[in-house]
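Across the two complexes that follow, subunit A remains constant while its partner is subunit B and subsequently subunit C.
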Partner chain A sequence: MRKLGSFLFLTLIGLFLLLTVLEMPIMGDPANPSNTVTTPRYISEGARETNCKNLVSAIMLNYRSYDTMGEMVAIFTVLAAALAILGREKAKRGLSPLKVEPSPLIKITMVIYIPFFIVFACYVAINGCYSVGGGFQGGVILASVIIIFALIFGFDEAVKKFPASKRVFFEGLAVLYFMLLGLMSLFVGGNFLNLNLFGSPVRKLFTLGLEIGIGLTSGITIASLFYILKKVERE
Partner chain B sequence: MTSLTVLLVLALITLAIIIVSSRDMLAAVIFFSAYGLVMALVWQQLGAPMLALAEIVIESGIISVLFVVAVFRTSKDDAE
Partner chain C sequence: MMITRVFSNLIYVASMILFLIGFYAVALRPNLIKKIIGINIMETSIFLFLIGIGNRKGGAAPLIVDGVKNYVNPLPQAVVLMALVVGVGTTALALILAVKLFEREEEEQL
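Right, the complex of A and B next:
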């Protein structure tokens, strides 16, 4: 009886949801509000107004910078929650050697590759305005470099190279930096995060700064999450 | 909608079924990583290279590593 009841209940909810979907505008219809109100403006004026060739970055960092800041805060909240529940690794702790020593071939290959990875990450983050990529992707690539290092040279080595004391600084800086950069526009009479009033070169610098802020936040969050999980694994 | 896109979408559906029905957690995570790669190709076919880059980096790279760590942490057999 209970099974039948839950089945009927789920069917009812499913029907309701499907009815809602039927009421939504058809995907790809040129008469949709999303295709008639803001999008034409973005496409026709976006490149000129923002000096960004990559339209996705242009929208994310200029028209929708509030949303981007909200995303940064959300990511930061994830990190804070993970830290609150799982905690950091202990600073004073005997080194535990790796169970399996990786082959020298892998180590030397990684030593040669890692600088290129870092350069690629910086390239992706800095050129977010002009080509594929952006701060978020660059930051995540940078975090993956840290993870690769920890996987190959061992977690203890990674903790020594990038200790918790340094991570705290970057974690705190990440969101704060974004907001401070947004406050700058108040000094020239604009609203928060409104970069329109700056001249073209200064504006370019600010866009770059926002990209770097996004990269910093995403990168440090993912790296810290990895550290937190690895620390739990060792106990 | 080219034939390549159809092929990729079919591969996506197959991979999704494999992931859901897999009993081995580690295998599921590895198939999930492969799913991310195919998904990135689909994004590229749909004209969203930026999303494709994010998909490859995050889903195939970072999420897989975090999931592998979580699997090793939670399953009794592998934790010794």
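Right, the complex of A and C next:
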């Protein structure tokens, strides 16, 4: 009876959604409202106005940098809440061994690969304005390197190599860094986070700084969330 | 007319089905971890929907290259990029709350 009821409930919602889908304009049509209102401006002027060839980065760092700042606040808040609920992991003196020791082949392969992964993460983050990529993507690659390291060499080894005292600086930096860069534009007479008034070289530098800051902070925040969740398994 | 429209908008239908699967897991399953997976599936369906809206027939990726005139809409992609990171945050927070809840239940049973 309950199954039938939930099935009917889902069908009802599905019918409403299907009615909406029937009303949607045909996908990919150049005359769609989503392709005619603000987008032509982004595509025709975006590269010139922001010096970014990658339009996604151009929108995230220039046109909608308020949103990006709000997002940094969001992930900082998540990390703060996680720390308030579960607390930081502790470095144990006596190392608890892994349940299954990974084969030396995997360990040696990872030792060779990890520097290349880190170089790739830096490339994606720094080059975000000129090719496919961006700060967040680079940061997530950086976080995945730390997570792979912890999975293969054991959590205690990862805590020892990359302790909380090294991470806490970058975690706290996220929002402050963005706001300080935003305040810079007040000195040249613009609005908050309006980098348009700077000359082209200074603005390139600011954009690069934003990319690196976003990459480092988001990557290390995600790694910290992993550490906090992994801690539970050990206790 | 209606049928051809549905066939050209198959991505919207796919996102609708994904949304229903996620909604089923969130609203009608008692298991907490399955609820969190359901939230993730719902998120993914919304991303698919937004990316579908921004599509443009034959458009290139929004990276300015000389000689290419037709680009897809970069705005939904930027929005989805932000939503992805926020999604990671919400998932992590939900998992941490679930862990705390399980710990509390274990304590009460002792």
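Details
Convention: the second predicted complex is superposed on the first by the 195 of 235 C-alpha atoms of A that agree within 3 Å, B and C clash if a C-alpha of one lies under 4 Å from a C-alpha of the other, contacts with A are read in each partner's own complex, and residues count from 1 in each chain.
What we mean here is this: contacts are C-beta pairs under 8 Å (C-beta built on N, C-alpha and C of every residue); 3 or more make two chains touch, one makes a residue touch a chain.
In this text, all values refer to a predicted model and were calculated from it rather than measured experimentally.
Note on subunit A: of its two partners subunit C and subunit B, the one contacting more of its residues is C. Of the two partner chains, subunit C is the only one touched by A:Leu18; subunit B is not.
In the superposed model, A:Gly134 makes contact with both subunit B and subunit C. Once the two complexes are overlaid on the shared chain, A:Ile147 sits against subunit B while remaining clear of subunit C. Contacts of A:Leu225 after superposition on the shared chain: both subunit B and subunit C are touched.
Using the contact criterion defined above for the overlaid structures, shared-chain residue A:Val168 touches neither subunit B nor subunit C, since it reaches no partner. By the touch criterion stated above, A:Val56 is placed in contact with subunit B and with subunit C alike.
Applying the stated contact rule after C-alpha superposition, one finds that A:Val124 touches subunit B and leaves subunit C untouched. In the superposition on chain A, contact is made by A:Glu71 with subunit C only, not with subunit B. Applying the stated contact rule after C-alpha superposition, one finds that A:Met179 touches neither subunit B nor subunit C. On subunit A, the surface touched by subunit B in one complex and the surface touched by subunit C in the other have residues 54, 56, 132, 134, 136, 222, 225, 229, 232 in common.
The part of subunit C that touches subunit A in the complex is made up of residues 2, 5-6, 8-9, 11-13, 16, 19-20, 23-24, 28, 52-59, 61-64, 71, 73-79, 81-82, 84-86, 88-90, 92-93, 95-97, 99-100. Residue ranges on subunit A touching subunit B, taken from their complex, read 54, 56-57, 124, 132-134, 136-137, 140-141, 143-144, 147, 151, 222, 225-226, 229-230, 232-233.
Residues 6, 9-10, 13-14, 17-18, 21-22, 24, 26-30, 32, 34-35, 38-39, 42-43, 46-47, 53-56, 58-60, 64, 67-68, 71, 74-75, 77-78, 81-82, 85-86, 131-132, 134, 136, 218, 222, 225, 228-229, 232 of subunit A are the ones touching subunit C in the complex.
Those residues of subunit B that touch subunit A in the complex are listed here as 49-50, 53-54, 57-58, 61-62, 65-66, 69-70, 72-73.
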